[in-house]
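I have a structure I would like to understand better, so I am pasting it below and will then ask my questions one at a time.
Chain nomenclature is as follows: A, B, C, D, E and F, assigned in order of appearance, with residue numbering initiated at 1 for each chain independently.
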Amino acid sequence: MLQAVNILLLVFLVVCAVVVARTKDLLSAVIIFGAYSMVMSIIWQQLHSPDIAITEAAIGAGATSLLFLAAISRTRRHEE
Amino acid sequence: MSMEILERLYGNIYYLTSVILFVIGFHTMLTHRNLIKKLMALNIMDTAIFLFFVAIGYRQGGQAPILLPGVTSFVNPVPSALILTGIVISVSFTAFALALVVLLYKHYGTLDSDEIIAIRGKKHV
Amino acid sequence: MFMFLQTPVLAVIIPMVLFAVIYLVERRSWRLRNALAVLAPLISFLLLLGSYPQVIAGERVFIEFPAILPPLGMSFSIDYLSLLVGLVVSFVWLLVTIYATEYMVKEHAKNRYYPFSTLTLAGTMGVILSGDLFTFFLFFELMSLSAYVLIVHEETPEAMRAGYKYLVLTIAGGLALFFATIAVFEIAGTVSFAPGGFIAEVSGLAIMAFYAFLIGFGIKAGIVPLHVWLPEAHPVAPSPASALLSGVMLKTGAYGMIRVVFNVFGYEGIRGAGLDNSMLVLAAITIFLGSAVAISQEDIKRRLAYSSVGQMGYILLGIGLLQERALIGAIFHIFAHAVMKSSLFLAAGAVIHKTGKRRISEWNGLGQEMTVTMLVFTVAALSMVGIPPLVGFVSKWELALGSLDAGNWGFVLLLLLSSMMNFIYYFPLIQNTLFGKQQAAEGQASNSPELPWKMLAPMVVLALIIVLIDLFPQNPALDLAKRAAGALFLGVH
Amino acid sequence: MWLFWQFRRLCTKVNTMHDMVLEVVNRLLLPFIQLFGMYILFHGHLSPGGGFSGGAVIGASLILYSLTFRFARVKHRLDHDTSVFFEAAGALIYVAIGFVGLFFGYNFLTNRGVFPLGVPGQLWSSGMILIITLALGAKVSGTILSLFQELLEGGSDEHGNP
Amino acid sequence: MFSLTHAPILMVVILLTAAFIVPLLRKHLLVAKALFLGAGLLVTILSFLVAWNVLENGTMVYNVGGWAAPHGIALVVDAFAAYVSLVISVISLVIFWFAVFAPREVKHEVGYYALILLLTAAMHGIVMAGDIFNLFVFVEISSLAAVAIIAVKGTKESIEASFRYLILSALGSGGLLFSIALLFMVTGHLNMDLMRQTLEVTAGQYPLNVLTALAFMVVGLGVKSALFPLHIWLPDAHANAPTASSALLSGLVVKVYIVALMRIAYMTLGMELFYLLPIRQILLVMASLAIVAGSVFAIVQDNIKRLLAFSTVAQVGYIFLGFSLLSARAVEGAVWHILIHAIMKTLLFLAVGVVIHQSGYKKISQLHGLGRRMPLTFACITLGALSMVGIPGTAGFISKLYLALGALDAGQAIFAVLILLSSLLSAVYYFPLIITAYFGHDASPTVVEPSLAVQLPLVVLAIAVLFYGLMPSILLPLVRQTALLITR
Amino acid sequence: MKKVLPVLVLAAIGMLLVLTVAEMPTFGDGQAPAHRGVMDKYLRDSAQDTGAINTIAAIILDYRAYDTLGEATVLFVAVLAVSAALYQGEHHA
């Protein structure tokens, strides 16, 4: 059961990565990227590495997304 | 033969996923012209490598490497320690790259790498 | 430190130091500059003359600096061959520099000519006095590159173009030499010139090295497929520089070839590997084409330049025959051609200096105006053709004898043919200048002396050498050439 | 969650009128976020977390604060010199701790023997690890904040136009 | 006498500390400059001492934090590291001087100094690292700082170039990290020496892992060191950077990554393993292509800085060629070339920067007659260019000599020919620079020489070019030992 | 061409990587080489050696503190680089 959840998470990860690539709206892409990072951090928690799970949640999902948002707000939102 | 390989791949599904993510990120990086998208792809590649590293450190039945009494089996702490560094480096790169993106947009008015090259090329000729 | 104070080193170092000194003082005093420029070849000449008795006594001077540029190191030596060539070079350089002090008065950027002429001298002396291939290569590069400055001196577009061609080819040649040198080092573990050569077995790499040598020296000496820079570069340079280029610098290529054939490979090795044939073929082509193309040249300096190409073919022929008497001819021709071609260029330069006439058709009747100059020209030209008592005859004679020794009649015929062609392109010129009518006598003030003595004297000295040296009871140059060839063949000294 | 609000804020680009709801919710939420960050920071040697993650959380809360109240309270962004100072101070403390080891005749960055290690498992233990964690926490939070602000406003002219 | 035990770490930490302090001194520019130069000078002295110590007493190992090798991080200063960090400290000191005294090119001056200090510190860290992850961390610092010192110029072109550099560099870092992960996976160690010992046992078990790791590592560091065909970022980046940055990047940074690769090769894998795999052949081919392509591209450039940048591509090829030929002399040649190319290229970039600043001309065809207006500067350029061509008597000849001899030693005469051919090509593109400057009409009578303080670094480097051209023996022991380390 | 080349490159890389994955030690294997190296001492001694019961904190801030100094430096470089790149001159400070 747990194995199935883990595999589901991995599949979700791959789907997120593909969707990030396919989304034309950069803002949505950033949000999906944040979700991707969140899922990644859950997976790491599943792998019993809570330290990096927290760090990824704070830096990967939080700070990186914020930086992306800041940059998008300075530039343009859509990929042409 | 091929069944065996498939089985091994399934056993190593974390590794496999990280490799797939790596390739997806690389593909996005190569084919997309939007600079911010490229940076996201770069981040995806990086996290893929991190996932790979973390998966190396996992041991069946291991617990988080915090030496609390009563716990005897731990996962390998070394990859975690390295990844911590990796994550910080990755965010530093992203931050700087985004600053450059902002500047590029200011100078060229576009985020399309091909267009930027075209504008620059026109000036050169 | 004492090692530095020996003749061969000093003869190289002093011009180098003088180069720097001239560079420093030339803005203050042009007299001092000229004096120093003349002093450089004079010192080299006297130093070599000083070691003449020692060398004649059969002693080879050899000094080694293994610590410089490891792993190959540097070394200097004087033997018969380098003594002869060194004496010729420094002597001709001396005369040409004296001539230049007057000639260059009209030119711009004099402050560039003298230092670089001195530096080129240093390079040339280094080439001649080097004791191993590597040192040879180092100074060869120095000489080639500093000569570039002399070639482009006038900075006209033609000069720059010719200079660029020269530069690229000369660097290519230098690299070929470099490759050959390190290949020899790789094969034998040493690059020191040794009597009789030191390459035991002519392997594939050795053959590559030999052809690289042939290319490197061929470019410098103007052997035919590689001569393309020569007819362009010699005419555009100022005349003293042309005299040096044609009279002296070309010979370093031939000199290097002698060293390679006899002191690196050994003539038996060359013959065994059949490498002499390629030299002979190239020599034949060079002699024929050089002389033939010279006929069609209208510009006097171009004609002289092509003539040089042909003459270098003689020397290569003398080397390639691998016969002692042919080698005597080749070595003596180094001397003879240096003297003849310098006096020709100096005379042509005098005419250009005085009248500005570069085209042969304009030279009609010049003999009346510039009698001494034209007499010098005539003597040198006749010597080039090979008229018996003159110096050019001796080398041709020895070469012909060498060809016969090798059992090759064809080359004797080739020599005759070439002499004929020399005759064709020199004789009408002499005839017209001495006896022809001046085209448009604009009534120049002919009561002024023909030329300043600084220009006349060097030409006259050279002409006297051409005429007189073979009338000596024992021709000193021929004597040295014979000793040198003997030493090279016997593998002694 | 707050990330999502930022997303909406940026989408609509309603910069001039500050949103009452946003402000109130943030005021309620911020202390908890910061407390959480502090916990992560201070317990870095005892439980998961540490200088980087704790610092990042605190930094994110500061970003949130500055974004929400920028137009109401905070007139100026973090001064350029101040942010560099935070950065440099954190790193310098780190290096200084390294030199302490050298000073006592040990190698650079030595912990054991130089600093009191305390009892493992208690809050005040582990010698230089704790000090460095705190220094890094301060540094990282400053870093995140100044990076964000530089990205958002740096390089623009006086009026904030890009 | 101060013990040298701590010298290796001090070299890195002094620079880091200075870098942390310098940006705080925006209001006290003079102090900042003094600190900047002082740190450089101190590190130079230390690196001389370390090099001397390594020659006398052999390899130095420093355990940071007092933890010995498997668990802590060790700095391993062998002959190679001592040599390269000597080169780095001396050349960077010259560049520091130039950056302080040359006319300002960047807005954020103290930040620029700090970035240069950080870059230098990171380079020292890379060459002395004995731990592969530590090496990675310093590679990251240097990559980021290298991009930053291009971007600070702030022009359109420099931003664009630095962005491209950053992206490729980040890709390279990813490759490097991935290969470290793979190596860690099969060894369980991070210390390079222990990795090698473990790999000797386990490599046979996971051949594909090791091969993939190696491939990623070569590509990762190849991108950063501009190995052909991964050099595409280099010309723009080096041509559009501020002068001091160009010199630093072309002269040192690019080479440090090669050093890192070689150190990983001989410390982590052992040369047997490194060259058992087909990597050596690939490197040979790539290096040859780099030499030819770099030279050919350089020929068609009119912009001087781009010309110099393309020439760097070719010269990087030399270094790779020397290392992958793997005969003792070829390696010596490559090691020489690290120093010599650093000297020459730094000299050329600095001098060209001076010329561009004084005259405003960026193209070769505009330089007419400048040789007479700026005699000293152009004398230095001439020496540098002659050295790049490999004229005897200049330093460039030495490395070519050793490389060509090494190629023959390795039984590969074709590579000797290639080296010489590229010499010819470099003559074709370097000589016009000199010829245009010295001969021909005088176009710009108003151009004057810069101040003496700006020219001092040029003169020092020019003297170094001559000095190593004539007396290379002075560093020979260090170079020999380095070659022994690698070819052992 | 521009579309095909990346796909080919990626196919090659992907192929190589998948084969490598198939060769790797099994995921989660407690006896994999990765766990036979440095790990044991860290887990055994870190509390005594450093006083931190979080082994990861012990590793990054004590055993491998030098790396973390580098990491802090990376952040410093990033901030400095960003602010230097976006710096507009004195008036804006």
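The working rule: a residue touches a chain if its C-beta (ideal position, glycine included) is under 8 Å from a C-beta of that chain, and two chains touch if they have at least 3 such contacts.
Computed from a prediction, not measured in an experiment: that's the story for all the values here.
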item: For subunit B, the least number of touch steps when starting out from subunit A; value: 1
Hypothetical removal of subunit E, resulting connected chain groups: A, B, D, F | C
item: Far-end chain from subunit E, centres as C-alpha averages; value: C
item: Most centrally placed chain - per-chain CA mean versus overall CA mean; value: E
item: Distance-maximising chain from subunit B - centres being C-alpha averages; value: C
item: Approximate Å spacing (C-alpha centroids) for the pair subunit A, subunit F; value: 18
item: Subunit C and subunit D: spacing of chain centres that average the CA atoms, whole Å; value: 80
item: Averaged-CA centre spacing for the pair subunit E and subunit D, given as whole angstrom; value: 36
item: Interface hub residues of subunit D, defined as touching at least two other chains; value: 46-48, 50, 52, 81, 84, 87-88, 91, 95, 98, 108-109, 111-112, 120, 147, 150-151, 154-155, 162
item: Overlap residues in subunit A, where contacts from two or more other chains coincide; value: 30, 50-51, 55, 59, 63, 67, 70-72, 74
item: In subunit C, residues with contacts to at least two other chains; value: none
item: Contact footprint of subunit D on subunit F as seen in their complex; value: 47-54, 56-58, 60-62, 65-66, 68-69, 71-73, 75-76, 78-80, 82-83, 85-88, 91-93
item: Residues of subunit E that touch subunit B when the two form their complex; value: 133, 137, 140, 144, 147-148, 151, 154, 156-157, 159-160, 162-163, 166-167, 170-171, 173-174, 177-178, 180-181, 184-185, 190
item: Complex interface listing, subunit D residues touching subunit B; value: 46-48, 50, 52, 120, 147, 150-151, 154-155, 162
item: Touch list for subunit D against partner subunit F, complex; value: 44-48, 50-52, 79-81, 83-84, 87-88, 90-91, 94-95, 98, 108-109, 111-112, 117-121, 125-129, 132-133, 136, 139-140, 143, 146-147, 150-151, 154-158
item: Of subunit E, residues touching subunit F in the complex; value: 9, 16, 19-20, 23, 26, 64-65, 67, 70-73, 106-108, 111-112, 114-115, 118, 121-122, 125, 131, 133-134, 137-138, 140-141, 144-145, 147-148, 151-152, 154, 159, 182, 184-191, 194, 198, 202, 206-209, 212, 215
